[in-house]
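So, here come the structures, one by one.
Note that subunit A is present in both complexes that follow, paired respectively with subunit B and with subunit C.
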Partner chain A sequence: MTTLATKDVDPTASGGGAVGLHPVRRRHRRRLTGPLAPWLFLAPALLIFLLFKYIPMAEGIRLSLFNVRPFLGDLWVGLDNYVTVLTDERFQSALGRTLVLAFGQTAGAMVLGFALALLLEGSARSLWFVRSAVFLPVVAATAVVGEIWRLLYFPADEGFLNSVLSWFGIGAQPFLDSPDTALWSVMGVGVWKGAPYDMVIILAGLAGIDRQLYESSAIDGATTLQRLRHVTLPALRPVITILLTLAAIRGLRVFTEVYVLTGGGPAGSTDVWMTRVFSLGFERNELGVASAGSVVLFLVTLLLTLLVQYYRRRKEAM
Partner chain B sequence: MSGVRHSAAVLAAVALLATGCGTSASQGDPNAPLEVWTRSLEDTAKVYEKIFSDFTAKTGIKIDYKPVYNDFDKRMQERAASKDLPDLVITDVSALGVYQSQGMVGEIDRAGFAGGADLVERAWNNAKGADGRYYAVPVSTQAQATFIRKDWREKLGKPVPTTWAELVDLAKAFTTGDPDGNGQSDTYGMLVPGSTDRGYLAWWAASYIWQAGGDILAEEGGKYRVAVDSPGTVSAVEWLRGMFCDTKIVQPGALTTITNDAHTFFEQGKAGIYLTGPYMMGRFDKAPGKDRYEVIASPKGPNGSTVLGEGENMYLMAGSARPSDQKKLAEFMVSPDAQKAGMQGVPRPVVRLPVNSKVDVSAVYSDPRWNTVAKVYADSARPFPNVPNFQPFRQQTAETLNALFARCGTDVRAELGKLAANLNKELKAQGIAK
Partner chain C sequence: MSAGVARHCDTALGWGPSRVGMVGRAAMCVAALLVFCGPLITVFSGAFDHSPDPTKLSLLPNNPSTINFEVAGERGIWGYLVNSLVIAGGGLLLQVSVSVFAAYALARKKFRAQALVMLAVLTTMMLPEEVIAIPLSLTIGQLGLKGTLLGVILPLGAWGFSIFVMTEFMKEIPAELEEAAKVDGAGELRIFAQIVVPLCRPALGVVAVFGFTMIWDQYLLPLIVATEPADYTLTVALASLRSDDQVGPGVVLAGALLALVPSLLVYLSLQKSFLRGITSGAVKG
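Showing the complex of A and B:
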């Protein structure tokens, strides 16, 4: 208090107001750069996250422990819902299909994305246009994409893809209509939709590769394939790790494509984890069990992300 | 340290804001208009809009009307989960079990319901819960009818089918005989909404299962036993599977087709035989065209021509701040005037067969096809059983049938046996097993 008082008195006493104002101004500046400032900037985003992410997530975890009956009062069932999910035969087979789909879509999109990136790398104006066109599937609404692919996949001679196949003398394929091909057809749509996204990230990675490396390896007599194998791929490793992590997470929670294309059928052959959760929650009204299924998926995703992070850190440390 | 304290403060503030925003006012507010949902597409929404505006003109009670079609049940569940239901809902009879078992509707006092005595008993039955009490108000009933492309049939010189054998024969002719004469084999016989979504496939197949003397559940003195593995059901399912696997007279992609997608196959002249609700007449009169198709009673199976006869109920949802206005609207919906307005809706009626005995079907419609439907409803229509919640039974049956029709090599009897075991578990869980 005393120091403050003397400071306040100081300016008038010294007669030089300008000097005396400095501490006050500095105090203001310190407050703006103080510990509260970043939180103020973050507040809008945090508020939205809290409202639309964290509170629903917490609510989901809570519901997973109850037999949910909104108008009769929820009944506490402990971990029963989790036992139901983990021992349910159909959840187990859905998990298998989810993994197949996630793996296939991730790998397919990556390979196709890589090929597209190599083809479309460069700064010519025409390339810019082609790249934008190729990127369109990523920004198109998944539900719309699904409906369009349902038409393309129409499982008779007059279907679009089948009429294309008939030019090559291949008979009508059932695509989504047969339990043997439905999952692969869904995967095809996933790859088609995911590849351009991978392409863009890989393009960014490609731009960061030192041209001299290509030139010097060419002088050393490396073929195009060898340059690809020994220069491009190693340089893209961080990009590929990121893409793998993102794609694996995206792959595990795949829902919209499957729901619009097949609704999980035929014969449950495309029933994945999230369609199972959805059908339990909103068709059979077992919101508690459905929440437990979602929480399990969340935990698996979290675990997977941590594993990839750990693996990457170790690689980088080496 | 101060960082932690600040972040805690920010989070607390945000949480306060969040809880403030979380409570929705619509249902709790006695002065807000009545929120009414119907499971409708745009065309029928217009018909409801008119009926509701008549109601507002008559009573002064304002209505906030929302037609919902896609994912109706799912969106209702979302509203239920947030404990903020619409005041009234018009949807399928089949929702009764779910709404009742979840406490989303209360009991209706039939004796105190104005005009209730004029309602036909079979319609009231659509609103009856498993405990014999009433939990909704019926507003419309119907029986499924078979729609057939008349021009195709006549072109191929086939008779109107009266038996299963004739039905299959006609479907074969439609599939292979190029009935539209465009030189390509791009037409199909049976139109099947075979998706498992909402259990559609079971909805469609139930009529044929009954026609063979089979059933999903059989009632015995207020209790139920599983009948999905009975000889009648097995033979019906084998017969139906023949359409998918042997004669291949079903439209392509049937097993992932939801009803709304199925309609377009008939509309666009891709398929010629469709077992569906009579409300489709309005739409099909435009395309393929009124004179191009006929509406007949289902051809006879080994055990008769029973078809599904259900309808729509009006549900007075729990938690409403205005129970007396809820009741007023429900009473208005079943009054002769509103029933007639619903039947005369353009392009499609929202009231198919009236629930009010004072309304004369043939006088209002003056369309012999509706007389056919009324006769089918009177003679050979039946609903799904009044179990507490039929949805899980319908869903699982649809899933098994879908798998059986998709994989032609599987053993029908064994798969239905597995389904029966699962349905039995569900019966026990609902406490109604015999």
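Showing the complex of A and C:
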């Protein structure tokens, strides 16, 4: 083992950049440390990422350029698979539904989460209890939530949700059973599971608002609504914007909820991008086209994430 | 009125102690509880209800019995539970250790390509199982991990999010502590194990509770690793219980309850870590 010291022990050196070549390091010699030490600590993580993230990603890109034929050998088809994905009618309508679902779920969860946060803000112990209980849907596994809601959505008149609706004089709904209502029902589950999460973040934002602003607006005679609009919302805007964009981007990858709740049905009315890819890849064995669909999804989420980061940086720099 | 409003400035809506307001607020809290906890309570009652009928789901079991668990047991539910628990235990242990090691290098060391490694770690967060499902399934097959629990555990063994959280936290530990230990002659591993890791306890809580939730939530990965139903985890097995004509929804709910309880227990016992993780994640992105 070499005894070259690395720079982190040297408080006089400037941070970052090309390290190891600085003459300063010779003053601080250390045992059991070498330029290899950080790599030893990183090795397990990097190995796992390489095996289960990067190699599959590279393999996915490779597959997307071939007509994959098990036992017959793969045929190079160039960008044909991408053309197939982008011109396929079912993929196009799946894209539309994915966007509707992602934005609907994100916006719905945010509005409901905001309402919950306003309702449950405060330091009383009873409010803390309600907050903890309301948060439970977030920790439940998605597949479990899906199974629960399949039963709650039972389409007969006596189904759980339908009996609740009948108390309010609303007729029985088919929910997941009808192509007209299935997508909205899936969205409802997403909102239910997502709202308490947003509530926690908005509560943290609310706690950070200067109370003097509330007091001075009250002295100025502002109503609660005015105060909400002109003091609370502007203070929360940065948090909400970031949350909304990131959640919407994540929403594009929606799979488990849809797969468990409807499997893409009825009549393809809830078929989203990922369920399309899944059924092509695992049920019809069209690995090339399915891989092209995955790569497109990855590129879109990557591009959107980079855009968000770019705007954030620019905002912070201003 | 204006004087009254001025006094209630501790919440955004200015909740006051007026009786009408209190009653209204309490009613809305009850409504919120019913909407968000009601569905989970129906799982408890349905799982213990003798007559498994989806049209009669209620908040309390009509005819209490444990028959659903017995039937679910005949369908192998305990095997699925064991699979889930082994994956959660093994996966979490691996994931947390891998994160702590990686974070130690990223936060406490300076080396070439450090920024590049951090970028590589963060990029993996954009490569969830959904996006790489098909090639991942092929890779797992080539490694001979199909149909094994290890095939689910290993891919979950490193998670960009928890490496990121640990790294951010470790950066805050003052360097003086390490230097003092070095002066006393402590070696690299000793500094790591006896100084840095114990100081990271709050972050360990966050990483553990998020890691557990993430692993327990897995659906697609165990589905593509499995070669036969005996390999399923609880989350995956629920669907096959549902499509089994011989059993009713009560049995599905019994399975759902078994899948629900561990996550509720972990959340309730580590609630503070959970909330801290969410709020700090929101601030830092």
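One rule holds for everything that comes next: the second predicted complex is superposed on the first by the 252 of 318 C-alpha atoms of A that agree within 3 Å, B and C clash if a C-alpha of one lies under 4 Å from a C-alpha of the other, contacts with A are read in each partner's own complex, and residues count from 1 in each chain.
Heads up, the rule we're going with is that a contact is a pair of C-beta atoms (placed from the backbone, for glycine too) under 8 Å apart; a residue touches a chain by one contact, two chains touch by 3 or more.
It should be emphasised that the depicted structure is a prediction, and the values quoted were computed from it without experimental measurement.
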Identify the partner contact of A:Leu246: answer first if only subunit B is touched, second if only subunit C is, both if each is, neither if none is.
second
Under the stated touch criterion, which partner chain does A:Phe154 make contact with: subunit B (first), subunit C (second), both, or neither?
both
Does subunit B (first) or subunit C (second) touch A:Pro137, or do both, or does neither?
second
With both complexes overlaid on chain A, does A:Pro35 touch subunit B (first), subunit C (second), both or neither?
both
Contacts for A:Leu99 in the overlay, against subunit B (first) and subunit C (second): which applies, first, second, both or neither?
neither
Subunit B versus subunit C as contact partner of A:Ile55, first or second or both or neither:
both
Should A:Thr262 be classified as contacting the first partner (subunit B), the second (subunit C), both, or neither?
first
Taking the superposition on A as described, I'd like to know which of subunit B and subunit C A:Leu46 touches: first, second, both or neither.
both
First (subunit B), second (subunit C), both or neither touched by A:Glu283
first
Which partner, subunit B or subunit C, touches more subunit A residues
C
Following superposition on chain A, which residues of subunit A contact subunit B and also contact subunit C?
35, 39, 42, 46, 51, 55, 150, 154, 156, 158-159, 281-282, 287
Provide the residue numbers of subunit A that touch subunit C in the complex, in ascending order.
6-9, 11, 15-16, 18-20, 30-33, 35, 37-39, 41-42, 44-46, 48-49, 51-57, 59-60, 63, 116, 118-123, 126-127, 130, 132-137, 139-144, 147-152, 154, 156, 158-160, 192, 195-197, 200-201, 204, 206, 209, 211, 214-215, 218-219, 221, 224, 227-228, 232, 239, 242-243, 246, 253, 255-256, 259-260, 274, 277-278, 281-282, 287, 290-291, 294, 297-298, 301-302, 305, 312
Residue positions on subunit B within touch of subunit A in the complex are 2-3, 6-7, 10-11, 14-15, 17-18, 21, 71, 73-74, 77, 80-83, 98, 102-104, 184-186, 194-199, 252-256, 258, 318-319, 391-392, 395, 399, 402-403, 405-407
Show me the residue ranges of subunit A that touch subunit B in the complex, using the header's touch definition.
35-36, 39, 42-43, 46-47, 50-51, 55, 68-72, 150, 154-159, 174, 176-179, 182, 261-269, 279, 281-285, 287
Per the touch rule above, subunit C residues touching subunit A in the complex are 2, 5-6, 9-15, 25, 28-29, 32-33, 35-37, 39-40, 42-43, 46, 54-58, 97-99, 101-102, 104-106, 108-112, 114, 117, 120-121, 124, 126-128, 130-140, 143, 154-155, 157-158, 163, 175, 178-179, 182, 185, 187-189, 192, 213, 216-217, 219-220, 224, 235-236, 238-239, 242, 249, 252-253, 255-256, 259-260, 263-264, 266-268, 271, 274-275, 278-279, 282-283, 285
